[in-house]
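Let me begin by handing over the structure; questions about it come next.
Each chain gets a letter, A, B and C, in the order it is written, and its residues are counted from 1.
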Amino acid sequence: MTTTELPAIKGVGTQATRLYGVLALIALGWVLVGGLFFTPEDVVQGDAVRIMYVHVPTAWTAYLAFIVTGVASACWLLGKKHSMGFDRVAGASAEVGVAFMALTLISGSLWGRITWGTFWVWDPRLTTTAFLFVTYLGYLAVRGLGGSPHQRARRSSVVALLAVLEIPLVHFSVVLWRSLHQEASVLSPDGDIKMDGIMLFTLLFGVFGFSVLFAWLVSHRQRIMAMHDAQRASALEVAMADRLQEASS
Amino acid sequence: MQPTRVIEFIDAVAVYGDYPALAGVTFSVDRQEIVLLQGPNGAGKTTLLRACAGLVPIVRGSAHVLGVDITTDRESIRERVGLLGHQNGLFAELTIAENVDFWSTVVGASKLERDVAMQRMAIDGKLANRRVSELSAGQKRRCALACLVVRRAEIWLLDEPHAGLDAKGRDEIDLILREAASAGATIIVASHEVERAQQLASRTVAIVAGHVRGVS
Amino acid sequence: MSVSRIARAVAVKDLRIELRSRIVTNQVLPFSGLVMVMFAFALDSDDVLQDVAGGLVWLATIFSLFILVQRSFAIEVSDGALDSLRVAGVDPQGIFLGKSISLFVQLIALEVVLFLTAVVLYRVNLGGSGLVLLVTCVVSATAGLAFVGTLYGGLTAGARGRETLLPLLLLPVVAPVLISATRATEAAFTSNGVTVSEGWPWVAVLAVFAAVFGLGGLLSFGSLIEE
């Protein structure tokens, strides 16, 4: 009985990913230190404003993940070869994205609790993020449905593209809805913060850092998926050899 | 130009999850043949039929049906291939006539073809107005066969078509299959009923553990 | 075979099956009526009920949507009919349209009953111009619900463990319909001092939703029912 030997792999990092992993660490390190110590407190909110340095970047990254999954799904669907790499990126981006969405919701909720006294506000961005979160949980569940890899990729990419259609509609409806209550600008915690130089810099650096972190996580996750696929292929070889034995006995 | 080789599988592998239901099947069928597919449960007969119908993806090896490479395009051959699987594909609350009518409409068969099909399967007359839920297994099977007949498929794939039928019903099916073959269709029948099926078929293909073993 | 012929055959087949089995009339309608009554128990205030009547009707509709969609596909899956339709190469767009039409008809029947129940139980007012708004709202919202219900119903039909996925997938998607239909209905009922004219922008949102998912569904349904 022959088995396919998998190459001994020490990790899923390459020189490139190590580089931007370090970059992410530096950026986030600055944001941590700067956000906690070097930036001033807000006139109105006091120290609570520091949550912004986590909340805004994670929100941005959550939407980035959504866009990446959508684009990767479109690339898979429209490409002639249906290269599985796109499908893996779509899936990895969704998994990482869901984590960032959860972070956004939690940080937003805490921020609201501290500044406004409530854990939840019907702010359009927060509400849409909540919908994005649930939609992506659904997307991940669909990825888990059985079938051949090609069919799973096809089904998932269609669901992702339907989500791309749906989320703007949800966002628009919520914005329209909240505008009835004329709360839109008031309830957004970062609506009336006056940003001076270092705050803006830390915020943007945070956005940069979290985005690089996102890229790092997605590359690694995507590579793990590829390894998993290779392992399944070799397991298939074993199963086929078993059946051959069964057939000749 | 009509190719004589209508089905050609070479070392084809089909999987359910991680399990290779077809583990390297080499198998071919020529036009107007009636082939019996024989083998124990779990051998892969149903999977092979479904693969020929383009329902199951082939992940390795090569597979051509009616000249089309079904490893890349499973969908275009479906109109030309008819499959009668373990389930009948009928709607229980509708009558026989309504079921056959529905299938005739969606595949574009004429009313005449529909009437002929029902007549050949002996489900016309009063039986036609009975609901499928009230029928015996054999009657349901005949209705399902009528729905297959109206499709005028080039390849007929039948999974245990004789099951649940009495001797007369089985004879009737064999007659229909022979007529279809002489009219140009290619027939593959998976059946446990080796003797009867051997009367019908021009050749037998045995399948064991996802592999084709011998042809007679 | 043309898509419209297939759609008509599928829609007629579905509605005929419903007429024979009476699942909607005997099970789903009583269920949704009961839901409306239970809202009254939970909310326990005539004024509140009158104000939120629109929202309650649409909530009850959406809850019933899950049952209707699952039923719509249960008939296809129970004897492998959807499989047979696939293997016969029947154009999935026709199947999508046909099932959407049948779902639309069943939903409309349900909503008529629910609105009548609201008039009786929650004592809402309905004037002439309000009625026009309401009818337009109902038609466009129902079209949207029928399209997404059929689309995601097709995806979750069949294999074990899939039916429970339907609410998770469908609820976020129908949120815009719930928001918009409720606002339009409240305008039609002139609850909370809302005027009828304020309802029309919401109807526009509903129309866009129906168009987007009608088209999206036509393009996607085939991929989603494939194995």
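Rule of thumb we're sticking to: contacts are C-beta pairs under 8 Å (C-beta built on N, C-alpha and C of every residue); 3 or more make two chains touch, one makes a residue touch a chain.
Note that the structure is predicted; figures quoted are calculated from it, not measured.
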Maximum centroid distance from subunit B, chain identifier (CA atoms): A
Interface with more contacting C-beta pairs, comparing A-C to A-B: A-C
Centre-most chain, if every chain is reduced to its averaged C-alpha atoms: C
Distance from the mean Cα position of subunit C to that of subunit B, given in whole angstrom: 38
Cα-centroid distance, subunit A relative to subunit C, in whole angstrom: 32
Subunit A-subunit B separation of Cα centroids, rounded to whole Å: 47
Touching two or more other chains - residues of subunit B: none
Of all residues in subunit C, the ones touching two or more other chains: 227
Residues of subunit A touching at least two other chains: 146, 151
Interface residues, subunit A side, partner subunit C - complex: 131, 134-135, 137-138, 141-142, 145-147, 151, 154-155, 158-159, 161-162, 165-166, 169-170, 172-174, 176-177, 180
Residues on subunit B engaged by subunit C in the complex (per definition of touch): 53-56, 75, 77-83, 85-94, 98, 102-103, 105-108, 131, 147, 151
Subunit B - residues contacting subunit A, complex: 13, 15, 17-20, 23-24, 57, 59, 208-211, 213
Contacting residues of subunit C [partner subunit B, same complex]: 1, 5-6, 9-10, 13, 16-17, 20-21, 75, 78-81, 83-90, 94, 227
Interface residues, subunit C side, partner subunit A - complex: 151, 155, 159, 162, 165, 168-169, 171-173, 175-176, 179-180, 183, 201-202, 205, 208-209, 212-213, 216, 220, 223-224, 226-227
